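Below are structures written as structure tokens.
Two complexes are shown next, each including subunit A; its partner changes from subunit B in the first to subunit C in the second.
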Partner chain A sequence: MNSMIYKNKKPLLVFLIPAFAFLIVFLYYPFFQNVVNTFLKIGGLGRASQGLNTPWYENYQRLFTDPNMRTALKNTLLLTLCTIVFQVGIALILALLVDTIRVGAQFFRTVYFFPIVISATALGLMFNLIFLYKGGMVNQLLLSLGRLPSEVKPSGKVLVQWLDWKDQAHFLFTMFMPVMWQYVGFYFVILVTGLNNISPDLFEAAALDGADGWKRTRYITLPLLRNVLCTCLVLAITGALKVFDLPWVMFGAGMPENRGWLTGTYMYDQTFNRMNVDYGSTIAVLIVVLGVVLSNIANRVFRPSDDL
Partner chain B sequence: MKKALALLLALVMVLGLGAVAYADGVTLNVVTSYGGDDGNRGNFEAAVKAYEASTGNKVNDGSATSNEEWKAKVLTDFETGSEPDVLFFFTNADAEPFISAGKVVSIEEIRAEYPDYATNMRDSMLAVASDGRQYAVPSYGYWENMFVNRTVLSDCGIEVPGPDYTWDQFLADCETIKDNGYTPIACSLVEVPHYWFEFLVMNNGTVANHLDVPVSVEDAAGAKWVAALEDFKALYEAGYFPANTLTASDAETVEMFNQGEAAFLIDGSWKVGYFTENAADLGDFAISYVPARGERKASEAIGGISMGYFITRKAWDDPAKREAAVEFVSQLTSDEVLSTFVTTEVTALINGAKPAGLNPLQQSAADANANITAIAGAVQDTITGEAKADLFGNIQNVVTGKLSARDAVAAAIALN
Partner chain C sequence: MNTGIKKIPRVLTYLVLCFWALTTIYPFIWVLLNSFRKKGLILSDSFSLPLGDSFTWDNYITAWQRADFKNAYLNSFLISGTVTVFVVIIAGLAAYGLVRYRFRGRDFLYSLIMAGMMFPVFSTIIPVFRLEVMLGIAGTGRRWLSLLAVILPQIAGNLCFAIIILMGFIQSVPIDLEESAYLDGCNVFQIYFYIIIPAAKSSFATVAIFAFLWSYNDLFTQSFFLRYPQERAITGLLNEISSQAGVNYGLMASSVVLVLIPVLIVYICLQKHIIKGLTAGAVKG
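Let's turn to the complex of A and B:
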């Protein structure tokens, strides 16, 4: 009876087709329409197009000549790199550390995962206060440590030269740090789950052979964690390309001086604030292409090994 | 036990559904600019509560702070079929997209069924759309002028400027203020440069030709706009804006003024309410005059009635919501309710508003308004959202020398 269920595939279709139809209607058709939109002149969401652009590939030409787009791409690729190094790197270190302790592991899992459940908008507002120019938490700390210069004016007023954490010298740190911080816990939980799946017998055998902690990590944990790490890296890269909410709340439209664009924030600004829907669609296509290309590269570089 | 619990939950659900089905009244989706730190937020909430109590209807309030992003969101909602039932919005060119798309109902059409609708308003003061019809019931007008921090001025030995304040005096005052360790002008050039833009344009023209929109960067209006952007650059290079003006939010610079760190702030009548609620001592502030240059007098300002309540076609065509929407607008624009919103602003009410006793800042505004000799509407309200976003977005590039004022104006004209 059971074998009949597996031979007759028709019931499976009943479950597969709705999900497939859903994806066609809400993902693939909009994406196809989005590609079409890149060739049209559209002056607002929901507005009818005013015909083809002249030339029809005008938006793609603009992608290569638009200085803001270049900035957005550069920042996004840098964010992707930072994501790999810091988000996944820190998550890996934390996971390895938590895996070695016997008491309180569950506590640390909850604590590190907690930022994920807070909305990015709330986090953006919180970090805005932390990095506020006058009276922000970081600047107050620097002031109390005597790291901010000040002078007394003829009127007796003390003029403090506050540090602008959103200016050209600091904005990358101020923008990237909260993004890194928010998602470390996400990769941490995935990696801890991967670590839990490694048999303790292997560690016991290695310990009997005289392997110390570092050697156990180097020759047992990391190789066996490779597939999970690969998944984390692909998720981190595709996630970094889509980052929007937290930078938008903190930096808005390209602050400072059009140097703070990311592909996500630039696409939003063009589509919703400038009503340049066709160009916004073109940026969206670029984001998808970048996502596919970079995740493929990541898959090839960190290809999951069947030997493990 | 489990069965009993399941039965109880099922009963609660059935009763809940029944309660929804037989609930009195309807839920109105309302979007206004009375959100965030708007000075009239409290008055609006009180008026909504009174409406809900008197009608049994519910209001789903989607209000937010008015800025370019909010305007874009409202227009996008119309374009995607997600518009509210009642909208409090600008009555100028910003409203044209949804008016021309037939998404809101004209006052004439509403009066055909509800003859008393907006009859407490002067018809001559209702905004007329490009199709010649009136759609919005106005609430009250606005003025834009210069707020000054008396304490900062006093520390710097400067008198509160009068209606004869000149540009040269202003520059000299700014230098003194800066030398004393204060910021002369509280303004976020990256977020809200438009108040200064209006007055800098008027300073390079006259109140009579203020609303002229350039067709080319070569024409008279174009030259005014270019000169205005160059004035921005001069003020920026002189160090009169906050040190972080290119990264600060409007809220940050206003708070800077409120905390006695800056001397001058150009803002609108709505900001009086903000200071009333947030200032430690209202006596620290006064409403003064924006310094004048050329043919303009400092007693000439920006003002008018620019916002009103629209009823959307979606609500009008819904039999359940039609009356609720009409009643909502009628209550929110009644003489009694508008009198709670108004302190020193003009209204379109036939009988006029009757505001209660004025606080020191409101009295200062009333005194300043008494000396106003002429007003013009805001010229930014007459250009498209795309042109405006581009123009104001480029001010940071102009002041830092990355883009010439001429190129910035030309780019905005091309989008208008």
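Let's turn to the complex of A and C:
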């Protein structure tokens, strides 16, 4: 692309300076500063630091000894795993199915993608109503199906043993389900586009060779989708590590009994409610490091060689 | 197109697809129905249509009276509108420059942008907050400054994604067009405005829609910078209502609906652009 037009490099400055000025001031510099902050003692959001921590790596030490942090990490990694298996899995099944139909494909795309454009706050509130302890949508449904034990008192009142969806036995499901449900449509749309890019000639050739149905999916579609699947995987991992607003609206600070922390919510709580600004920064660094490491591993394992 | 799984009966395919569609649509319908239901009835009977006796507008009236929705809508549109305009302009310029010019450090800048997509907003928000306090933008309690304090980091947060999507599209614009315009005496900026922007119109629309929606929905940044009632934007307002509403579930339902309406309108009008534009960029990346 060595057109004459672009030989004169002076206008380039006008093109690049606004964007990179913004990025440097509000993205790169803050990130660098955030790393520096992890070594300082900072008592409040707007306050200046009170010098180095003693020892300077105190916050990193704390990461390893803090039991809440361990809970947060465990939950987040579990969420990441569930995201990969269920979110990308369901999206893949739906994409393969939509690819076989003609009528209504556009409708399904529109509907599946819809939850993504809605704010997590609204969704969180909606799911709070759905999973409500006394008379939420799910519990009412269970009751009408006769799956909740209830007894009729002599006075005529019906006493129902509602299922608490946010107790220790159920909170993981209640927390993860909405997060996964929301983003299935995102991966679905990416996968459908990937499927559309596969040349139909390949399938005709395969049909001539006698491969059809499941075999075709297994030996042609899936290998050719590998690149796109890998993109989905990386997006799912980095996305899961950053999850914040849905669980925050639904569960708040670490409910139930400090067992419901995620790295995102714990970082927010430490920084904003407990004013441990330097420790919060350290958790943020951990989130970035984990994101880079995990998505690199995913890339190593799943990214196909270029010859496919 | 036949990409496999031919053996599965058509009926079953539609059954599965419709089931998932139901999970994505039904919750919203359920909330909408219950926002019109009389107090107390939600807990006993939330599935029927709220007709006759059980129908009421009260939830909406209470929501509108109790919280300053008008002001919050105004704040939200000011913030998200400004963010959208700036993201589109700035990202468009940068994407054009990065695609068409060959220069030293180009690859470095590109990887900087890729890295920028990895930073979660958590890791940059505290230094940004401190920087803005130092500059006298954040934490002043003055409404317009506080809105600006949200706008600036949101622009930066949306830029990387926008640049990458736009680069994908601008790459596919045939360079011949630009060359003939150049021979006709256009300079680079005229080429950008008269050739590139019209040619990549749909991708600019995608970027604009996403910038708007992300900014509108971003509770995290909003709750950091907008602390006073008159500054509250719509997502923050919803969060506050939910913490105050207690057991008034009708109020919660109607507030959710009020917050969803603008998003719904944007989505229904522009859904073709959203999906087309997003996938073209994402898969290439």
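Here is the rule we go by: the second predicted complex is superposed on the first by the 277 of 308 C-alpha atoms of A that agree within 3 Å, B and C clash if a C-alpha of one lies under 4 Å from a C-alpha of the other, contacts with A are read in each partner's own complex, and residues count from 1 in each chain.
Following the convention adopted for this analysis, a contact is a pair of C-beta atoms (placed from the backbone, for glycine too) under 8 Å apart; a residue touches a chain by one contact, two chains touch by 3 or more.
What you are looking at is a predicted structure, and each value in this text was computed from that prediction instead of being measured.
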Clash or fit (per the criteria above) of subunit B with subunit C on subunit A: clash
Contacts of A:Pro256 with subunit B and subunit C, given as first, second, both or neither: first
Partner chain(s) touched by A:Lys134 [first = subunit B, second = subunit C, both, neither]: both
Chain touching more of subunit A, residue-wise (subunit B, subunit C): C
First, second, both or neither for A:Ile90, with subunit B first and subunit C second: second
Partner chain in contact with A:Pro247 - subunit B first, subunit C second, else both or neither: neither
First (subunit B), second (subunit C), both or neither touched by A:Leu125: second
Touching partner for A:Asn273 - first (subunit B), second (subunit C), both, neither: first
First, second, both or neither for A:Leu16, with subunit B first and subunit C second: second
Contacts of A:Lys166 with subunit B and subunit C, given as first, second, both or neither: first
Segment of subunit B that clashes with subunit C, given the candidates 79-87, 133-141, 241-249 or 331-339: 79-87
Contact residues of subunit A, present in both the subunit B and the subunit C interface: 45-46, 132, 134, 272
Residue numbers on subunit A that touch subunit B, as the complex places them: 43-47, 132-134, 151, 153-155, 157-159, 161-162, 164, 166-167, 171, 252-253, 255-258, 272-276
Residue ranges of subunit A in contact with subunit C within the complex: 1-6, 8-9, 11-12, 14-16, 18-20, 22-23, 25-31, 33-34, 37, 45-46, 90, 93-94, 96-101, 104, 107-115, 117-122, 124-130, 132, 134-135, 137, 140, 181, 184-185, 189-190, 192-198, 200, 203, 212-214, 216-218, 220-221, 228, 231, 238, 241-242, 244-245, 248-249, 264, 267-268, 271-272, 277, 280-281, 283-285, 287-288, 291-292
Residues of subunit C touching subunit A in the complex: 1-8, 10, 13-14, 16-17, 20-21, 23-25, 27-28, 30-31, 34, 42-47, 89-91, 93-94, 96-98, 100-103, 109, 112-113, 116, 118-131, 133, 139, 152-153, 155-157, 159-160, 163, 175, 178-179, 182, 187-189, 191, 213, 216-217, 219-220, 223-224, 235, 238-239, 242, 249, 252-253, 255-256, 259-260, 263, 266-267, 271, 274-275, 278-280, 282-283, 285
Complex contact set, residues of subunit B against subunit A: 68-69, 72-73, 75-76, 78-81, 97, 155-156, 179-182, 190-191, 243-244, 246-248, 252, 256, 261, 385-386, 389-390, 393, 396-397, 400, 402
